[in-house]
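Report on the structure given below.
Chain lettering (A, B, C and D) follows the sequence in which the chains are written, and residue indices restart at 1 in each chain.
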Amino acid sequence: MPEMDARFFLRWLEAMTAAVDREASRLTELDSPIGDADHGSNMRRGFTAVAVSLTQTPPATPGEVLKEAGRTLVAKVGGASGPLYGTLLRSTGKALGDAERVDGPGLCAALRAGVDAVGQLGGAVPGDKTMLDALTPGVDALPESVEAAREAAAKGSEATIPLLARRGRASYLGERSIGHEDPGAASSALLFATLAEVAADVR
Amino acid sequence: MPEMDARFFLRWLEAMTAAVDREASRLTELDSPIGDADHGSNMRRGFTAVAVSLTQTPPATPGEVLKEAGRTLVAKVGGASGPLYGTLLRSTGKALGDAERVDGPGLCAALRAGVDAVGQLGGAVPGDKTMLDALTPGVDALPESVEAAREAAAKGSEATIPLLARRGRASYLGERSIGHEDPGAASSALLFATLAEVAADVR
Amino acid sequence: MKMLINGPEHVVSDALRGMAAAHPDLTVDVENRVVVRRDAPVPRKVGLVSGGGSGHEPLHGGFVGRGMLDAACPGEVFTSPVPDQMARAAAAVNSGQGVLFVVKNYTGDVLNFDMAAELAEDEGLQVAKVLVHDDVAVIDSSFTAGRRGTGGTLFVEKLAGALAEEGAPLDRVTAVARQVSESCRSFGVALSACTTPAKGGPTFDLPADELELGIGIHGEPGRERRAMMSSREIADAAVEALLADLQPDGPVLALVNGMGATPLLELYGFSAEVHRVLGERGIPVARTLVGNYVTSLDMAGCSVTLCQVDEELLRLWDAPVRTASLRWGC
Amino acid sequence: MKMLINGPEHVVSDALRGMAAAHPDLTVDVENRVVVRRDAPVPRKVGLVSGGGSGHEPLHGGFVGRGMLDAACPGEVFTSPVPDQMARAAAAVNSGQGVLFVVKNYTGDVLNFDMAAELAEDEGLQVAKVLVHDDVAVIDSSFTAGRRGTGGTLFVEKLAGALAEEGAPLDRVTAVARQVSESCRSFGVALSACTTPAKGGPTFDLPADELELGIGIHGEPGRERRAMMSSREIADAAVEALLADLQPDGPVLALVNGMGATPLLELYGFSAEVHRVLGERGIPVARTLVGNYVTSLDMAGCSVTLCQVDEELLRLWDAPVRTASLRWGC
């Protein structure tokens, strides 16, 4: 990965906004059999607000971009995903500090901190059939390459299908949660897919 | 028609009870597009109660049989058909007086009085798309034969299909009442059909 | 269609057993199907009795109590009660001041209440009747059964009930009940048909992209079928239909009523639109009631009832009422 | 599925506009989505704040008023509100005696209320929280999100609200709210799925001859699917599930709750069966509430909540309450 500036992160979140918009109904469909059928509209509402806020006053540093995005998600989404995604981006942003540019290892470390914060906030661990099942393998593979991270996150999301849910609404279903992909894992996979997309553009 | 005793009238009402029971769902179906989907269950509830009451203490005269049946319908049916059918049978019974046996002309006259009472109570006239559209032609044809009455009533019921309703719930629909057979006319046709049935058995 | 029942034939008696268990303020005669306020007959008070087919709950049983009805008589689903029920109810609530029957204008209800009045009068009771016929979707002429009684019933029962509670004599309670009845107009819309226990399926077919305008409360189809409309458009159409018939020169009470299956969330949103269009027409809304009050089983949809009021009627509206489903001030 | 709306994105604000117009006792901030009792902050009174996803009406907005909540924060449909809403609500109702958050146990609600508490505490407010987790259909372990909060919320809000109205301090209101929360258990059954405005279709498929046992209030499927059962059988199953977890040694309050589309006629019949089976188990029912109180949009079905009470809680239940959807004694 080349060094990344605030513009890179703005583009990443733009790409994520577009992806979430495109995939909203799929995410909501995934949230129907094992949830409450709102994940797509939650993510769309949140990232649309992120796009608006970042366009109006684009922050100057990578850290500020992610913190502002995280704050916006907390303020606009609600549900489980609002605080969790908000925390992911805010904590990642905080870990980036106020540097103007970030290198690959710096992003890896910061995202790791963000993912850890999600685990801390929600009390889930990988294997619980949550967004962590895409985030964790994604972050683990990121030092290798963004492409590897994209793939790992996508695989991680798919791998939630046979799992029994232990956190979030899907856990209410017990055995009946088995056989369905976790919606939050699917949206988290989009985070790495769009990262790879934007990184490829930059290269 | 031979002379008819109380037993004849008991058999008639038994046959009507059976017919209504058999046809209940058809009558309710007819009451769906232009009514409130209860005519079949109303008639079944009423005539089942009539059968019970007449079996428990069978009255001795034709007039008493019909009056008791009418009282039972008023007491058990409710809706429009309870008072209207109740009045039909009570007024017919009253017109029969306390004779032990009734001849053809006597029945014709009494039924005419019953049908008139229905018109008086409900304010409908033939052509308004009500039970009167089967009752009136039935009574008109009865002097000829019970078979003719049966046919006339059935035809009268069918002839309600193109009519615009002017009484009862179907009148709320205005033009949209056109194209449907009136459920009360259909059940009234059964009254003549069962009369013909029982008369044929007796002969 | 699935229902939460023990079988179609048990629906009404089961519900009455449930009311009896839930409401110690009521005396419920399950066998004879009469719901009476526990303290009836209230000395020196005109008795108010209503009734009709079941399937419109909380109407009428949910409106029995202090300041509203003294008794209610539920018939089978969508089938008016039998005369014996109303005669019993009249006897149970008569304190010697006479009884007023509140009758929704349907052939069956009118005929059965008439017969009940005869029975009660034979027993020496003084009986008056008021007919509720507020539904503007029905053409009111001598060539129809006349306008149906729907949401306006709630206003007649509440306002006449408040007056009766104050000890007004029968002629005055009857006169005010008639005034209220004439001051009410309703218009209803169905997004889906309802399912009666006896039929077990929808009473009519309504495609996914259409609605029925001008429906009643018995699962009958309406006057007109149209392509699906927004809440805003439905409010415009409903209020327009109402104001074609009722031109209030003062404040109104508004009932924004759910037909049964429409969520309260949607009803409040619809109520906002009703307020908007009434505001545009310059009609002040003194009080608004939003909820499922005069229903049609599990029908999705709504109705709007407006009731023009003067100072006195507004006072009666605000007077204490203590029933299972309408309660304030006590 | 057709809805009485102006579009999915307007549902919540339209409903708030409707509440504002219908209820002069409430101050409704449509923009920021906070419903507050008009006379807030009530001097020397602990403030009670709740909220959650919309689609459960009348919960919570319909329970704002004297003797119950001081404020409610509606989120999007089935989506918990954002922290800013609860922080605003807390500020609006704080009289200096502190604020109690009533939180239904869902990951989203818990996280957002926690963040709101932090915001409010940053402003110097004293904030306590009570978690409602009454749904016995969910296994309560460290390997699930824990039992869901459903019908028991009504009891927590009513009983804690009555105590707060009497001027009890925050620690006492919180303690009683926790006691009530621990004394409540619920069990729900769906005869049909619900339709969310955003999805526009049913959240799950339920064949015509099956029902879901152990559902929540967010259109999620339940724990188990079974062949359709009678009202009697459903009552047996629900009460058995409740009593496996709650063994009351005294009287209970019973909430026989409709999920939205089940007619009141059926709910009363079902309530009769609930009373029958509780009677068979020797459990006295002190009070019964029958109706749509904690709903799931247009879902057909019902839930039963039992709340074990002592003399003091019963007194608080009977205390005056004046809200849009629960009202007595004033």
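Heads up, the rule we're going with is that a residue touches a chain if its C-beta (ideal position, glycine included) is under 8 Å from a C-beta of that chain, and two chains touch if they have at least 3 such contacts.
Predicted model only: the values in this text are computed from it and were never measured.
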Most remote chain, CA-based centroid, reference being chain D: B
Cα-centroid distance, chain A relative to chain D, in whole angstrom: 31
Intercentroid distance (Cα basis), chain C paired with chain A, Å: 53
Length of the line joining the C-alpha centres of chain A and chain B, rounded to whole Å: 73
Set of chain C residues in contact with two or more other chains: 77
Residues of chain A touching at least two other chains: none
Pairwise touch network: line, ring, star, complete, or other: line
Chain pairs in mutual contact under the definition given at the outset: A-D, B-C, C-D
Sites on chain D touched by chain C in the complex: 1-7, 10-12, 14-22, 54-55, 57-58, 62, 77, 191-192, 208-209, 211, 228, 230-232, 234, 256, 260-273, 275, 285, 288-292, 295, 297-298, 300-302, 322, 325, 327-330
Contact set on chain D toward chain A in their complex: 8, 53, 75-84, 106-108, 111-112, 115, 137-139, 143-145, 148, 196, 198-199, 203-204, 216, 218-221, 223
Chain B residues within the chain C interface of the complex: 28-29, 32-38, 40-42, 45, 74-84, 121-122, 166-169, 171-174, 176
